[in-house]
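Just below sit the structures, each encoded as structure tokens.
Common to both upcoming complexes is subunit A, partnered first by subunit B, then by subunit C.
Now for the complex of A and B:
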């Protein structure tokens, strides 16, 4: 069995595959030409969180029909544990649903949405509770008054809101990344602590205090803990849209961890795959067995042409599409080629856009991983 | 009846003659074809081979609109490029035709990006019409002159007395109302047949749809036409920073613009790549259709919809005081309005002659330069901040879209839809703004789905993720 692997793509599927390969002692190179979906991803691991009737699904175990297409129930459950452990090892603690109820986490518009595994920085609760939300002028995704009205509609509960002026260095050009960069500095942290002291005056200290998801990239947990201590209440974040800090934090930490462990991380566009490895658009060749974690149409692994032909960008192969838009999110690269494996969104059959991409990531990566292990033991 | 180019044009003309006018539209301004057209201020050169009368009218009105509606016209100039199969004889005929109706033609240099074999290129004085702002200016002018513009109000009936029209019955969210009138002008575009039926004299209309593809970049500084007999897919129009490629001509059943037919879009793209070989790689935004009403004069049995003259007709109905105007072009809306208004003014015994040839339209509303403001954009693609929204507050999300242009850029509302909806919810409540957001989403999605390739396919998937995963919007 070859020891070298090339993982194409650095979205959730690529990094998870790389971690598993690394843990089994393989020599891993990751190559990707773009960021993948992490910078768009709030950081929650969604498992098919609504059913056909759009009712919240409490637990992966409730979806046995979907599950069994991929893995056994036990494999699933241990899989989620494995993923949570990997996240913990890169420094991202997570909360998971308790007693068969999904965690509820409000979106940036104030809708309470069921989630499966939620990173520690994000606000989530098993049953709705009244909250206090503080935000600053200039964070356009979070409109507090409208948020509170919708939160009231979807939970029946109150949201106290405090809208605060932006910090002196703010400019209209600030994105979530600028805010986070500011709070990661000493000056930013001091401003934040002072501002929340004032903002919290007159609010109910029993309520958790929620902030937009801009509280640093590297120091998030440290800052949130410090604020919780100072204010004597839970302080957590509400995820925004893109650039989504939750996903960016996970991706940065994960990549740094992998690189420290000896994984090579390259930027490049794969245009050809064969049994020896891959060829990049700039002419470089990378040797190794290949797994495509190229993310379907959204991730750039598939390209739709004007005449509705679809191409696998990493191999140039044509992929069949019915032409029905509804089939586009579940279009698969087709794993029957002998020269590469396929994981993640590209593996198809699961509409991660609607039902949670993490479920698909986990299922497809684990399925690939188990069959690889079987191959290894047969070879022995 | 109808707040498209024709209806507003007629009202503007009558208002300037001193007639008290009310404009009624079932939707917002430009709800019909006037908001779903190609944007071309015709020089007339497109019609010289088939319809010299229309060509001459276009040229005259082109010059007139530049005078009276300057701020709403972009003087891009236009080119006609002949494909290799077009014989020189046809080109000569075309040039003569242009000269005959005073369209200035000159030889032009070859255009970059154009098929290199299309090397016989001529320039004419085509331009671009900024349709929405022009109609908004007409509406403002009408209101400033004492007229009224009732949008989101539908004509559902008419009442007569002694063979004269006396009342119209209107329906809106506020309920039903009757309006006393002395005359009615049916400028309901593709709906004109239905409207005339309300007073018992339905019109023999044929409807034809045209599909257009929108690209997110201004590919060429000028309008570029195919020099040939008019056909499908032969004009590329630059509009600010985007381009519109079109169009087709297929008979269609209903006045409401149908979603683009994908096969029709592919054919349009195939045609396009004859002219611009790399059109398939251009960043596409969406596709949309518009519907033309063509008046089939009783007795004429023409088979193809393109053979019917683009000329317009004014109909005086048996019911006194009821007029209809059908057909024409955006470019000639003022002329059509004049001819209708002449008859209406005559009927009402107003003797003031038409003023519109020399009376300039109201100036453009100052557009906010938000760059210096300490205010972020809600819509980054089109640079719209809450200041612009406030200027038009009162409308639905879709009204706000066509007035401020939010949600019209490459992301098609992915990143700004929920922001503007949140702003709107403070005015109309969460439930109503959710409903408006849903309408906005499906309108935007409809256009994206009909041009689902390249980065636009990626954008559409991103939009779904953000809506369903990120924002928790309902999936159905």
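Now for the complex of A and C:
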């Protein structure tokens, strides 16, 4: 088995493949010509967390029939554990015993939803509980009234809400990143601490206090701990839409970790893949066995040009498309080719939107990884 | 350009922008690039956003975009339009800074400019300015194997670095020609400040100068010049590629120096900080300086930040003091987070202005990998 690997793509499936290869001692180069989908993702993975009637599933094992289409139950068990260990190694602590008891955590719209693994900054609970949510005018993506209504509907419990004025430096152009950057500064932190002191007055101190997911980028855990201590109650975040800080934090810590471990993180567009490795548009050649983690529609694997032509970004081939979004072809560049492996959104027939949730990214990488290990042991 | 109008509004560019996190008045790449372009160019509205000048032109937004929108280059067009709304003094100063190869010809270095004059022309009072260290030699082989591109900074302030880079290439048996023969600039400084016509003129005259001493392999010392000449000249400035191979000096050494060369060095137990500049990440990616350090048996430690805040002459402008300082402080915070024992003796960075800036904020001497390697091979 060759020691050198080239991972194409730096979205969740690319970094996951790279981490697994690294842990087995391979020499890994990642190459991508765009950011992966991390900033579109709040940081939790779910997979068939609801049944076909859209009722939450209390225990993942209840879905063995659906789950086993992808991996065996035992593989799932160790897979979630691998995912937690990887997150821990890059400095993201998680809250759950993955397959034991499913924790509940609210979605962007306030619906309590079962999750397998939840990063430490995000609010999650084993059984529903009443909560207090504080947000600021100017965080347009969070409509507290409707959030609270949905929370009540899905949990049967109260969500107290408090709207606060935005900080003095706020402008209508602020995105979640501006907020997070502000809270990462001393001035922002002091403002936040003072503001929450006032916001908490008259709320039920027994309830956890929840904030929109904008509490810093690098300093999140430190800030949340400091606030919890100051207020004497749990302070956590609830997810927002993109750009989502949860995914951004994971992406940055993960990339930093991989580069520190000696992984090369190259920028370039792959135009050719063969048994020797890949060729980039700028002429560079990278040697190694290749795994394509090039994403799906919009995520990079297919590029929709301004003139509505669609190109397979990994091979440069034009893809025929009627122009009707409904008819977008399913990308399946893996095919029966022996020269490269395919994981993540780019593997044919995998679509998180219809196949049970974002956990499909994890499942497809693990599936590839387990078969690779089998290949290695057979070769021995 | 092809993908000017391809924005999907996914916000990945905002997530990648270092300025959004430290400058609350900055509207961010999506608003300043594709959204502005659609209203200004496509719909012919003349509005500009004054915060556009706070963009460093690091291009990290553009690197992130899944739709290949030339985000930073649209922002440069926006800057060009906005230029006419700015004060005369600012315009005059920007005109001068857009021609760094002229400034280099002045008898005194920018570090010796009296503060009172600097203040009058709106130069930052916070920034460290480079002392003069001009080139004092110029090898002239009859048939060169390699052309070493002497950029505007290194010609006047990085003489030692150029000398070190040539010395090492000589050790490896290459015949090196310094090109171009007279002071020139790739045009990056002008482009970054939105002086697109100046950028074109400056780049064209450099192209002509390079054609007078043609080489097939052109090695660059600074990633900004590297990306500008290889990728931007053909794409945005209508120039052909001036050499068959254009690549960073560091990448060349890592891939061409034989085992015996590295065996002369044994830097075991030493930790060496490495910072790949923002433009380096965009042009080539991360990892080759780390490889170079590892080949000497020392341990490379990537600093783990996106952009240090120097951004060529960005930090020299008074109106950018706060943003440049905030990013400089983030670099220091990243270093503290690493908690290195013993403290690292040096930091490798291929840009002279970033080296100055990083040294100013972290106190760790920062230098080009060529100079570091030269010093290791010639102790004392």
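Throughout what follows, the second predicted complex is superposed on the first by the 331 of 380 C-alpha atoms of A that agree within 3 Å, B and C clash if a C-alpha of one lies under 4 Å from a C-alpha of the other, contacts with A are read in each partner's own complex, and residues count from 1 in each chain.
Methods note: a contact is a pair of C-beta atoms (placed from the backbone, for glycine too) under 8 Å apart; a residue touches a chain by one contact, two chains touch by 3 or more.
Nothing here was measured: the structure is a model prediction, and the numbers come from that model.
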First (subunit B), second (subunit C), both or neither touched by A:265: second
Partner chain in contact with A:242 - subunit B first, subunit C second, else both or neither: both
Which of subunit B and subunit C A:160 touches, first, second, both or neither: neither
Partner chain(s) touched by A:341 [first = subunit B, second = subunit C, both, neither]: neither
First, second, both or neither for A:108, with subunit B first and subunit C second: first
Subunit B versus subunit C as contact partner of A:40, first or second or both or neither: both
Which superposed partner A:141 touches (first subunit B, second subunit C, both, neither): first
Intersection of subunit A interface sets (partners subunit B, subunit C): 37, 40, 171, 173-174, 242, 298, 300, 303-306
Residues of subunit A defined as touching subunit B within the complex: 37, 40, 42, 46, 50, 54, 107-109, 111-113, 138, 140-141, 143, 145-147, 149-150, 153, 171-174, 239, 241-242, 244, 296-298, 300, 303-308, 323, 325, 328-329, 352-354, 356-357
Subunit C - residues contacting subunit A, complex: 2-6, 8, 10-12, 14-17, 20-22, 24-28, 31, 51, 63-68, 230-231, 245, 281-288, 290-291, 294, 300-302, 304, 326, 330, 333, 337
Residues of subunit B touching subunit A in the complex: 262, 266, 269, 279-280, 284, 373-378, 415, 418-419, 421-423, 425-426, 429-431, 433, 449, 452-454, 457-458, 460-462, 464-466, 468-476
Subunit A - residues contacting subunit C, complex: 29, 31, 33-35, 37-40, 169-171, 173-175, 177-178, 180-182, 184-185, 217-218, 242-243, 248, 256, 259-260, 262-268, 282-283, 295, 298-300, 303-306
